[in-house]
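The following pair of complexes shares a single chain, chain A, combined with chain B in the former and chain C in the latter.
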Partner chain A sequence: MSFLPLIISLLAMCAAGYWYGSKKALSSHSFAGQQNAGRPHLYGLYVVIWGVIPPAILLILWGVFSYSSIDVSGGIAGKIDKVVFPSLITVAAILGLTLAVRQISPNLRARKTVEAAVYCVLILASTLSVFTTIGIVLSLLIETIQFFEKVPYQEFFFSLNWSPQMALREDQVGSSGAFGAIPLFTGTLLITLIAMIVAVPLGLMSGIYMTEYASKNFRATVKPILEILAGIPTVVYGFFAALTVGVFFRDVGTFIGLDVVSESALAAGVVMGMMIIPFISSLSDDIIMAVPQSLRDASYGLGATKSETVINVIIPAALPGIVGAILLAVSRAIGETMIVVMAAGFAANLTANPLESVTTVTVQIVGLLVGDQEFDSAKTLAAFALALTLFAITLCLNVIALLVVRKYREKYD
Partner chain B sequence: MEPIISAKNVSVYYGKKQALKGVNLDIPENQITALIGPSGCGKSTFLRCLNRMNDTIEGCRVEGDIIVDGKDIYDPQIDEVYLRARVGMVFQKPNPFPKSIYDNVAYAPRIHGLARNKDELDNMVLASLEKAGLLAEVQDRLHEIGTSLSGGQQQRLCIARALAAQPDIILMDEPCSALDPIATAKVEELIEELRASYTIIIVTHSMQQAARISQQTAFFHLGEIVEVGKTEQVFTSPQDSRTQGYITGRFG
Partner chain C sequence: MTDIQNQTNKAGWPTNGANKILAKRHRTERNFRRLGLTAILIAMALLATLLVSIVGKGYSAFIQTTITLDINFEQEILDPKDTRSPETLKAASYGSVIRNALRTEFPEVKSRIELRRLFGLISKGAVQELRNAVLANPKLIGTTRVFELTASDDVDMFIKGYISRDVVEQDRRIKNNEIVWIDRLQNQNAIQTRFNTRFFTGGDSREPEVAGILGAMVGSLYTLFITFIISFPIGVMSAIYLEEFAPKNKLTDVIEVNINNLAAVPSIVFGLLGVALFLNVAHLPRSAPLVGGLTLALMTLPTIIIAARASIRAVPGSIRNAALGLGASKQQAVFHHVLPLSLPGILTGTIIGLSQALGETAPLLMIGMVAFIVDIPGGVTDPATVLPVQIFLWADSPERAFVEKTSGAIMVLLSFLVFMNAAAVLLRKKFEQRW
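Our next item is the complex of A and B:
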């Protein structure tokens, strides 16, 4: 028995219940003059609620049941699954609807039940995302624990060698890889650092220009354009990095006699910085706007020029917020994947030279999970360990950033 | 006596809206001039013309002449930054910088390079705090943040900060409207003391305040000056019926 006919018939029943319920409330003589009884559509909704809840409970039970009886395929379980449950659900729906219709009277407070149902639906919606997050973290955690059963954590956190090549078959040689994550994290750090060197000054200065210097009209035109930059899919930035910027840096390098690889950390970092500029400029724009006008007035009133005011009053007042914005940007840069997949290399070099190729955590996660692999090998599990570490780092950065920003907000509101 | 400030036929526009309509006013030296009138009558706008603070508002246009110390301050040759150092301003709400008390007062001497060394700067800061009557209260906590003071102390800190720029003229835009009566009395007392060395122009909503502290009063209404004269005269025998209506509380 497939789901679709069952669902459609349930919906039809509910629609009928709604129509009948509101009609009954509307036509009943006893309702006339009863102000507090509520409007007819509430009674319709009341009927629908009772037509939905019993089948929904049964559906959940069905799901649990069929999941737990997966091993006993066929036999009696299969039959219950196919026949008994759908008919049970239909019966429950009909029962709920008829009982609800019979209850309709001026004394029934349908409004309260409907409000309670709305409340439950809203709670359900908001907790769902929380549970999803918890689920993701748990699954990362479980796989990571499995990984550390195969590879000692000392190797993962302290070894300098990353080469996760595993044998595909038992009898192949060289079956154990090296899982030292340090080169990946230094690579991530290097690219993030370059990105920040590009993005922080440019973003901050454009934010200052937008709030303090630009005319209203200019701001109204340019700010949305700058924000379009934030809407460009990162894969397009990746293109740009790999095909244009990387090649450009290599050619410039050749011209001045430097050996620059076309997948240099510099190219990936610079493009990532460009991606982050609108992020920083828009955040710092908001933060600088929140500095009270009275402080500007005070400074101008004392004969300070615009740039003196910016340097001596506005930036110090906005500094905590700006630091928060930068931390948020860093955590974005660390987690950024597409640009580095396309523009940075795969080789795990331990180097601080931006002209060489480095790899990042995200690139390696992609590399580990793309293609055919068994899901219990150390190679695959390593991806989860990397992901969990990355998650922990960005989470910490985000929490710190939010705390800093909140502390700043409290000061002026 | 030659007036220190002389405004001739001053009109101000915010975009298309005209906020001041041909205002003429002479302000004598070392006196307190009070600008009174109902909300939106243009008195704050006029005040902000005197140190060109209106320049910082987009779409604001000023016509007419304002002569301070014999110079037209809207002359393109005039540096408004220098002007604002000579014509200090105290705002409606106390607005100390989120810096230490010391740094608040040292702000103007630092940006204008008034002190040659740390000792001179220290002296300037202490002298300004002394003049503002705040020194005794904050002497042993000069390096605490300025916003930690009470509202009245913050406003006197702002006055000290304005004094440190070594102005001749001080503009005050309803300096007591955010303060309680006791803090108000202290600030008023301070303003009267400052009259000996500074010319003060004060916008106020409190007619009692204008009557208590000022020597000259100008009554603004709908962007024009209705009546101007010696404070005593304006309050005891106003010439214009609108002035009389306003000061007796019949409108405004």
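Our next item is the complex of A and C:
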């Protein structure tokens, strides 16, 4: 019996069990007048739990068995895989259901069992996020360790040359693959820096204006409009950066006599900054709002104007929060993929000139993994090493940002 | 803030000097205020530029140029043995029917090269149109009908004005003789522009004029469906556990920190997790909406959990206490009272999470949803692509006509997102409860 019909028949059996269990509890003569007895559907659920748990355990065992190294195509192992497990599962389900149905009586505390089962399911669901993190770390770590067996980590972290093409033939010249990730890190930093130069002043100033100056109506209309920027998919920004902004900067460059490539770091950075504006503005909005009104009143009372209050009182008071917000924005810019894939280059240039083309960590991950994947080549494994670096950096930035913000909050509460 | 003492006269009134300083301070104040307003205006101008440039490039994707020709469905070519069987009709050479029609329309064109250019006016997809027409109505064979055929992408671009007549001929995709033919067709009113239904009913294609987004939309739908059925129940259950049942201990702390950190992990890392977990370990099919949906579900989960927790927290304790006071168990209080009351908020958060998932591209590139797929996917395990990835693929194509297709697809994607977010806002407005 194959997988899907088995699952469907199990579900059908459970449904029948639910129906029969509730009916038995509802119609049974001995239930009449019993105050302690639970509501009938609980008895149905009780039956279903006994119909689900034994087969589920066997299903997991079956899965482990099929994916373990034993060859399941023939022989005894194949027979166990094809015949023994499905029939065992069916028998377990039937046994569980019948035993549960026979147990139904007014003295059975069905609710206790049902609630215990629900509680377990809730715990399982909430640990999934932990397992996701563990999964990310493990999957990246395993491949990265394999990568560092092929390429020494000194080369990866300190060498200046990145050209991951592996040789097609043994005697090919200059294509043994070089895995120095420094140009990728500098490229990422350059684009992030440009994005921050665009986003921080614009985001911060609009956040200040929204909280300190804007009328209620202005805020109610403008804030959602700015948030649209945050809701636009990054692939759209990428298209905009590649086709409109990149070409615009190139034309302006030609006009004033500068040599600007159309895949310049400037175009990618500016558009990325545009994406991050609402992120910074809404975060700084919250943070400035959290500065106690008494500080403002004290400053006004001393005769300060609004701008003097903002610069001398509010910003210093909110500084930790603002720094936290900027760190979060940096971590988002570093991890951003589509804008740079579409608008920045693939060639690894070690340059600080924003008018030239640079590449980033995320661009290289996409470049290395899209298309054919062989999981034993250093080229594919390099993507995992880059991703682990990316994960570690963004994680550190987030943790630092959260710590900074939390510390600041304790000060004024 | 300044030392005013020295700038007052004997009676204590401010002198000119003090007035000057005050004026300067007020000027700074005004400038600062203007600076803030300018920042907002620049941000809004950037948004407007983005939208205008997309719509300006993309609105013409919804219009399609067609060329009307007298098509002679010759029995000799289409069904020489007079069988009328669907197999013969499917395999028949509709291309030569079109070529004959063009030859009769332009009898003066003789040379091989010129003929090839002439045949190039009509899209390669027109063959399919004729085939469908004949399959639907075999009686067409042997008759001559006026038929509207899709024009090729170059003609389409020319009619829409993206290819200028003023450019030197070598740099122009439409050559001089083609312009002459097009002008003649236009004078005969044989060139029309129609609403481009194929854009919404077709799959991907190498020919821009027949490429459509239906395949990508169906792929997005399947992917989003998988994302929803995985992330919604699990997200709600985690939120319920963390808000209502979790004891304050180390494990709970770890889970909470984890969820916050997961929300900030770059999406591409989830793509790599998808590759390692779902493709390499579980051996699920590559490029399938199933894998894409699972990957996006892991990514959306933190968003849903955070929103659901906030919504559950907003339900006042008196409701729980009332339920408990009437003899409900803790779980009954939660599932019968707290959960229904917080459901609108949870759904709002879910819709926002799903709209993020709908616009996500990078993780889906990793798990191979970037393949060129013509067929409309029929299930969650069929190879498929999604709307944002389709945009990415088209943005990479060199043909000029794909620029408008890309922008058109972006417009469709953005309108989906606007629709989802509007639904979220409405839901919040309608069911929002102040306690």
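As a working rule, the second predicted complex is superposed on the first by the 386 of 413 C-alpha atoms of A that agree within 3 Å, B and C clash if a C-alpha of one lies under 4 Å from a C-alpha of the other, contacts with A are read in each partner's own complex, and residues count from 1 in each chain.
To be clear about the criterion, a residue touches a chain if its C-beta (ideal position, glycine included) is under 8 Å from a C-beta of that chain, and two chains touch if they have at least 3 such contacts.
A quick note: this is a predicted structure, and the numbers were derived from the prediction, not measured.
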item	value
Which superposed partner A:Ala304 touches (first chain B, second chain C, both, neither)	both
Residues of chain A touched, compared between chain B and chain C (which is higher)	C
Touching partner for A:Lys379 - first (chain B), second (chain C), both, neither	neither
First, second, both or neither for A:Val222, with chain B first and chain C second	second
Contacts of A:Leu328 with chain B and chain C, given as first, second, both or neither	second
Touching partner for A:Pro316 - first (chain B), second (chain C), both, neither	first
Touching both chain B and chain C, residues of chain A	302-305, 308
Of all residues in chain A, those that touch chain B in their complex	215-216, 292, 294-305, 308, 312-313, 316-317, 411
Interfacial residue positions of chain A with respect to chain C in the complex	67, 111, 115, 118-119, 121-123, 125-130, 132-133, 135-136, 139-140, 142-143, 201-206, 208-210, 212-213, 222, 225-226, 228-229, 231-240, 242-244, 274, 277-278, 281, 302-308, 310-311, 328, 331-332, 334-338, 341-342, 362, 365-366, 369-370, 373, 375, 383-384, 387, 390-391, 394-395, 398-399, 402
Of chain B, residues touching chain A in the complex	51, 53, 56, 58, 81-85, 88-89, 91, 93, 95-99, 107-108, 111-112, 158, 161-162, 165
Residues of chain C that touch chain A when the two form their complex	1, 25-26, 28-29, 31-33, 35-40, 42-44, 46-47, 49-50, 53-54, 57, 233-234, 237-238, 240-242, 245-246, 254-255, 258-262, 264-273, 275-277, 280-282, 298, 301-302, 305, 329, 331, 355, 358-362, 365-366, 368, 370, 388-389, 391-392, 395, 403, 406-407, 410, 413-414, 417, 421
